[in-house]
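Shared between the two complexes below is chain A, which pairs with chain B and chain C, respectively.
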Partner chain A sequence: MNEFGFRTQDLVENPSTRLAVCLCLDVSPSMEGDPIEELNKGTALFFEALQKNELTKHSVEIAVVTFAGTAVARQNFGPVLQATAPSLNIEGGGTSLGEGVELSLDLLEERKKAYKLAGIEYFQPWLIIMTDGEPTDNSHLRVAPRAADLVQHKKLSVFPIGVGDDSDLETLQMFSPKRPPLRLKGLRFEEFFEFLGKSAERVSASNPGDTVPLDTEGISKWAEMET
Partner chain B sequence: MGRDGDLRRQPREWLAASAAVRGRSHAVAGGPCQDAASVARAPGALSVCVCDGAGSAALSHHGAQFVAREVAEYLTSVAEPYVSGEIPAAAVVTRAREGVDQLVRNHGGSSRDYACALMGLVIAHDKVAAVHIGDGVIAEVVAGHPRVLSGPDNGEFANVTTFITSTDALERVRVVTKGLGPANTSFALMTDGAATALYEGRTRNVSQVVEQVASWLDDRTEEEVAAALATALREHLVPKTHDDCTLAVVRRHAPLLFACPSCKRWDLVRVGHGVRRFRVGCRACGEETCQAGGSRGRPPIARQWVLHLALVAGEGVREISATTRIPIRTIRRWLRLAVRDCRSGGATPRQEDHR
Partner chain C sequence: MAVKPSHLSDQLGRTARLVTRSGTAVNLREELGREGEGAIFRTEKPGYVAKVYQRDHADTSRRRKLEAMLAHPLDRAHPTSRGICWPLAILFDSQDRFRGYVMQEAKGRPMGRRLFVKTELQASFPTWDRRQLVNACITTLERIQFLHRANVLLGDINPENILVENESSVWLVDTDSYQIGQFPCPVGTAHFTPPELQDAHFGHVLRTPQHEAFAVATLVFMVLHLGKPPYAQRGGGSPIENIRTMEFPYPLGGRSRRNAPEGAWRFIWSNLTYALKEAFFETFDKSCRGEPRRTASDWLSLLHQYAHALDRGHVSRELFPASFKPVTRHAQDKFGAASDESGRSLMCAACGAPFVLSQREEDFFRSKGLSDPKRCKSCRSSNAPQPKHVIPPITQRQAQGRSGGGLHVPAPVPLRSISPSKAVKCAKKRAVGRPVRARTITSPTGQGDVVERFLQFLSRLFS
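Showing the complex of A and B:
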């Protein structure tokens, strides 16, 4: 071998550290019209931004769960590069927030198991909950403690977002003992998802021991702040 | 094939080189490299300490540098009792924390601001001890094969680990001590960033590159190797991670080696039967070398290879015969002569036996 040479083919390739992001979205009839359209636009931009970014395209994985009367997994976790944003439609039958979150937590749990099995490292996963009204059943009373417990034990990051003036921030707070729920300014889904993408980039670039600050400047663009 | 050497010499001297380079995320933000490495020596002892400053700790680059130096010096000063296990493992944590306390007194901040993960290695009198808190990898190379001596202690999530300043550091400190045989040629200490390309998390395999890099110390000075190491890290490891990259290598001085010249594995095998052209290939990477035979038969290096396989790698005569295609009778005779030479104190190769 030459002086100071080594075989670069002997270097190892480790899989990128993954950030699992579950979007848990309200598609009950109250979201009809502009809200669902803006939500679809926002998620499409979110997917696009993550796919374009050098950091997030190899690390972020997204699942989409929608809830109305029942909860449905519109998209399960997979590499963001191979994913397309699902087109969301209004469904009837109520607003079962608890079931939506329960399904999301199950998907996240499943994904973490798969990472462990494959020996892939991962960041603390994210759960984004967006709803515009009050739940129509009591499932949230059953599920909220499970989410809150995960947050308290630093196993999960929850981003609770209320859409519109009728959104029930008190109920959302039950899922998120650390981060207070924020109300979306008008229908600024795009700005919200831009913030989420930037924050995901920061996490993807983080090293052991880092505390990752969210893109707090970005928050004021979409969230109604108490004055 | 390898260097000529005196078989009866028991080399005790070890060499070390290290480099710490700034990762991409700190380069973008204009921040300092938060890793540090330090080597300390005393007669009959050598120690290395590598520290990986916590990203969220504002002054962790100072912490890493100061603690690496303090702990390396400390390990050298207590080398013998430490490798013998007479001093508890946690003494290193205590020492590191005293260093941090001193930093807090002199430069302000709180101890958390100086948080870092720590890897230490101390060699004394053919014993070695590796001490480890947090992530990163300490590797040893035995008979040309690198393997984990102490692996990363990560939490469930990728950006969570233990630091010397963590409340549970005293419980989480890990120590491995062991005796050193002639087949122990090198050690490597790498931070989490460098481990991205040198350690496979899923299989716990350590890259052969650590032995290839450590072998630079066979021919060049520690300073030269340190400079080359920094360049290699910058060019090949930094692009693979966002984190700072630090690698320290420790190498037995002038090890008697019959390793593949390319990949450095001890996996050589005789190719063909030619005596005048004694050809040897690597089972692992396929690299082939040729040693021209003397006018009277096999080259002298063939006998040294046999002695290396028997005395350093510890192989049996049948195994050696299968590898070298040298008859068992000849191998036995060479071994007898080597033992006789050792007893009489003569080291001259016996030319008449190159049949």
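Showing the complex of A and C:
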């Protein structure tokens, strides 16, 4: 057993190029009720789709970070076939978007190191940020430049998603200089995660460095396209 | 596969009916797959499929290339031709527009998905060991060699267009992208592209056999290493960057950079024949930049030689060997003291702990005419008693090594068993004047007993 433990056994036995996907999810009280229920259903479907698809099941790795007052890593990166979708609950203490993203970026960095150590190739990793309100602290001022810098250097792909009419897209924009934030239509988490799964499949079928066109037509199924 | 409504079929009209140049009707059935440039459909004739291009891909140059391919059909009498999905007829729609072509239906699943993920390989071929893996590689190379002999270069050799049904049935698909005559192969896969072509625009370049040879070598490497690309390594740049700089991480004799990736890959490499390793090294290492590369025929010879070594038990038959290949005396004599690895792991007959016999120590013992010490250094110096009986075989665990360089202590593994005929050969060499100490041989198959008794018998004969 090497120093990283069981999570790297797969890196040794499966030489497929990896796509690391980090879900950074708001679980503050405003998400209570239908929103968090739909979010849970959506993530469950996402995991299932990834596990079933021939390409993604050996290439995608997921981590799940939740944030409210503090940020918690619910699940660290590992083979998706061995992962189960977490069941998320509401937490209190505010909405610390910055802390959530910071923890996500830290997990991604750590995983990239493991890839490099094992000589595993990886696609540009994904950070999915989903939040329904305004952040209640200023941690994002500190963290957003870090994310933006990674995006500019093509080391990260950010999907910023605002949930509900009150979501603050301006703050989300700070993390994603290339991809504009999108507002989820109603609570269409399932459609969003379906789109994400199909996109993951396209990436898994590509070669690292390729520009993979995502299904932009499909986006209108779940997102309000803002002008 | 579920039948999906296809907008291509809609484009063609509800009957999805195409014709060949000679007017033969080809009716499309269910869609089998779809890529950027078109889709593959079954036809009403079993064993034959049609590739139908998207409107903007069905252009004149593509048609002319297909016509050139039709003008050079494969020799159908040759059994190898059966594994290559060469165009058989060009297809037109009711308005006489070029739409695609007919070919044989391939069987199997892409090599990249079937062989290159351990769990998939084990699920598909639970009984395979290296011997079948090498057979599959040979089957594939035979098809490539066949094409090369017909002056066709594949261009985009990669594990997604090689379909594996079993070790003796492999299908090459996407043949319409091949390079034939003046028609280039418009695509490529970075991993299989030689350093000198990494910046090229594939559609504007005619590849040479030397370019292709890099791809062939990469393919053979990846098959033998169960999907690991040759330039994937610990630290360093990405594999593509490493192709450009030709930073090849596997060792050959004294020439080595020791940053092969973690895991079984170093053991796999070690257990190849020297000739194979040399061939890979001379293709991939920066010290050999510009040198002519092995051809498909060369690789076939090397693979047959490797298969032979597998059959004889000279190298591990395991798909994922758990240890380095022990350095044989033969290798020592032939290649000098330098070996791939810095030491061999043995079991101490006195205290039972694993210990490493370094190259230097081994040289020392050889120079005194002695075989391997049976005890670790501390037991030797304290003169701990050797038990008379052989230590029972240790169950093999996956050896977890640390980063290379210096001594390296993998988990204890049994020594490779020597076949009785080889034992006789070795024993005879040592016959005159020197005592023969039977090596402590254990074997995972439990045949150690028999071999051990036979060797003791021999040693009594010659001492």
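Operating definition for what follows: the second predicted complex is superposed on the first by the 209 of 227 C-alpha atoms of A that agree within 3 Å, B and C clash if a C-alpha of one lies under 4 Å from a C-alpha of the other, contacts with A are read in each partner's own complex, and residues count from 1 in each chain.
The rule is short, and it goes like this: a residue touches a chain if its C-beta (ideal position, glycine included) is under 8 Å from a C-beta of that chain, and two chains touch if they have at least 3 such contacts.
Treat the numbers as computed from the prediction; the structure is a model and nothing was measured.
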First, second, both or neither for A:142, with chain B first and chain C second: neither
Which partner, chain B or chain C, touches more chain A residues: B
Contacts of A:124 with chain B and chain C, given as first, second, both or neither: first
Touching partner for A:54 - first (chain B), second (chain C), both, neither: second
First (chain B), second (chain C), both or neither touched by A:212: first
Partner chain(s) touched by A:155 [first = chain B, second = chain C, both, neither]: first
Partner chain(s) touched by A:113 [first = chain B, second = chain C, both, neither]: neither
Touched partner set for A:12, first chain B, second chain C, both or neither: both
Set of chain A residues, in rising order, touched by both chain B and chain C: 1, 8, 11-15, 55, 118-121, 207-209
Parts of chain A lying in touch with chain C, wherever the complex brings them together: 1-2, 8, 11-16, 54-55, 58, 116-121, 207-209
Residues of chain A defined as touching chain B within the complex: 1, 3-8, 10-15, 17, 55, 118-124, 154-155, 203, 205-212
Chain B - residues contacting chain A, complex: 23, 25, 52-57, 60, 115, 117, 134-135, 154, 156-161, 163, 192-193, 196-203, 205, 207-209, 212-213, 216, 219-220, 225, 228, 231-232, 236-237, 240, 242-244, 261-263, 285
Chain C residues within the chain A interface of the complex: 113, 116-120, 189-191, 226-229, 232-235, 238-240, 249, 260-265, 320, 400
